[in-house]
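Here chain A shows up in two complexes: once beside chain B, once beside chain C.
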Partner chain A sequence: MHEISIVRSVFETLQEAYPDKFKRITKVQIEAGLLSNIQPILIQNAFEALIMEEPALAEIELEVLLLPIIAHCAVCDKDFEVKRHKFMCDCGTPSKNIVQGEELQISRIEFLEN
Partner chain B sequence: MATSLSMLTEPLVIRQALAKDRDMVGLTIDFFEIEWYEAYKSRMRKQTQGGVEVLVDKGNRVAFEDGDLLYLSDDRAILLKMKPCDCVVLRPRSLQEVGTICFEIGNKHVPIFITDDNEVCVAYDAPLYQLLLSGGFELEIEERVLHPLQMIKAYGNKSQK
Partner chain C sequence: MSTPSTPKSNRMPVGSVQCDNTTLNLLKANDFVAKAIRDRLPEILVINVCSSPGSGKTTLMQETGKRLSDKLNLAVLVGDPETDRDAVRMKEVGINALQIVTGGMCHIEAQMILQALDHIDLTGVDLLFIENVGNLVCPAAFDLGEDIRVTVLASTEGDDKPKKYPRMFLTSELMVVSKADLLPYVPFSVEAVTQDAREVNPTIEVMAISSLKGDGMDQWCEWLLAKVAEKKAKLATA
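And now, the complex of A and B:
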């Protein structure tokens, strides 16, 4: 639903951050947590739609990495992965203290070498 | 002497899947692994399990399928392997329930897959799982391969047979 504006904003950000090198970008990696409400396929679809508007972007690969949900257990004082919506540490303590899983960020940019 | 593909300095460029009309007995089989949501990507670069650098440059959005033949030589074949992922699986008991489920999921613009066993599958994400749970639907989380051919489209659905 909001993926088009997210993808557009990613490339606007890159254009502002790298005005001289933008045309040499070959790959952009985005990290999206499982709680970020982002569907990677919708990001990919939005990117393909943006390419139709701006064909120069067709040379860029957009990769979406899904990040698992990590929560912190106050009893064990350690982080654990939340699998299949079970916000519970191995010790049996439930936790809603989320350490990872809500982020949406540009994590890596690759440029064409000179 | 056969060329070692992993020694190539330039990536192996794949434009489309090849027809599987040749016996692959005796060939070294290598796998190019992708996530289900990468099947439609027109451009991606990554290594096969055997270490061959591959650049997919399709120039279109025709989806790859699990098992597609990407490269074939006298001694080697590269096959596409789609990674399984956690999915929310629903088993509707009536056509009306199929409609209700698809309406709820479709409102989030999330791709829906209908399996050969008439199960409704969507890639797991926490907010969607909670939404469906709160809607009172009976659902499971299971590891599945999401096949593009089983994806429902607003138009252009074709028979897979």
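And now, the complex of A and C:
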């Protein structure tokens, strides 16, 4: 799997997006849809491994939130949660119109005030 | 691990903490490069072929090349963690092929394709196959700038795979059941695998093929020719 490269890209992305705040970041929240094939524990382990190379990141807390898969039913015109990978609305209509579940993104950061 | 991981201190941060809610996509770089690939190949149909290792992707490419050699111009970019064996196999049957060695990586990223495009002659090519690294998990998340994704599932792998690897089957337009000549000998039902795949992706097409014996190859080649024609027609009207 490619957890190490994901964790690396978390910090590269943050460095790029927050050059001035980067050093003051205390917590990073990542949102991962259930379709992203992300395992929170593996991300945490990859992060611990990365800290050995980059001790400066040791004080940062990393949180991974898993997001359920939500699809849209065209017949009912409403969203429904996809459970047990059955992409079908309660009304029986199949749908692959994914509203949520493919995300892999940084959703929130906490940082010390200057 | 020999070195213990650095323990987090329990001290509260000094000073007050602020929050920023944000949306920073971690695959942004890949998606950006994928778009560059699409823009660069407006006349070529690009098909990303995914499967587990050993499902018969390379044999399918070889046989497809032989059958379509007088109908269209085909090229293959083939990814593997190590060795150039697959590209050698394809060149042996006269296919314009280039090996991408991922250096142990479990998937191809768009950047590798973009770099490979500088090392393969695509003059006059109608159809470019990207034979992905054998893996039904990671490649599903990486857009390679393809027009169509096809997943190959061998009859020897079992008909319960689509729900186990939902994202791969969700993002595929076609599921090829390969090694169809073995269907009489293995507990694999094309009907069951179709039902499983369509619970994930209601519009997925299914085709049973034996590259070696030829079953279903006509249907597969016709499908490819139709998709190539569709892409060219789209370009003509654009």
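Things worth noting here:
Rule of thumb we're sticking to: the second predicted complex is superposed on the first by the 113 of 114 C-alpha atoms of A that agree within 3 Å, B and C clash if a C-alpha of one lies under 4 Å from a C-alpha of the other, contacts with A are read in each partner's own complex, and residues count from 1 in each chain.
Everything below uses one rule, namely that a residue touches a chain if its C-beta (ideal position, glycine included) is under 8 Å from a C-beta of that chain, and two chains touch if they have at least 3 such contacts.
For clarity, every value in this text was computed on a predicted model and none was experimentally measured.
When the two structures are aligned on the shared chain, A:40 is found in touch with chain B, with no touch to chain C. In the superposition on chain A, A:48 makes contact with both chain B and chain C. When both complexes are overlaid on chain A, the residue A:95 reaches chain C alone and has no touch with chain B. Between chain B and chain C, the partner in contact with more residues of chain A is C. When the two complexes are overlaid on their common chain A, residue A:113 makes contact with chain C while staying clear of chain B. When the two complexes are overlaid on their common chain A, residue A:85 makes contact with chain B and with chain C alike. Of the two partner chains placed around the shared chain by superposition, chain B is the only one that A:63 touches, whereas chain C remains out of contact.
By the touch criterion defined above, A:13 lies against chain C but remains apart from chain B after alignment on the C-alpha atoms of chain A. Of the two partner chains, chain C is the only one touched by A:105; chain B is not. In the superposition on chain A, chain A positions 1, 27, 35, 37, 48, 51, 58-59, 61, 84-85 are in contact with chain B in one complex as well as with chain C in the other.
Listing the residues of chain C that touch chain A in their complex gives 1, 3, 5-6, 8-9, 13-29, 105-107, 137-138, 140-141, 163, 166-167, 170, 198-203. Residues 35-38, 40-45, 61, 86, 108-111, 123-127, 129-130, 141 of chain B are the ones touching chain A in the complex.
Those residues of chain A that touch chain C in the shared complex are 1-2, 6, 9-10, 13-14, 17-18, 21, 26-27, 30, 35-37, 48-49, 51-52, 55, 58-59, 61, 84-88, 94-96, 98, 102-113.
Residue ranges of chain A in contact with chain B, taken from their complex: 1, 27, 34-35, 37, 39-42, 44-45, 48, 51, 58-61, 63-64, 66, 69, 84-85, 101.
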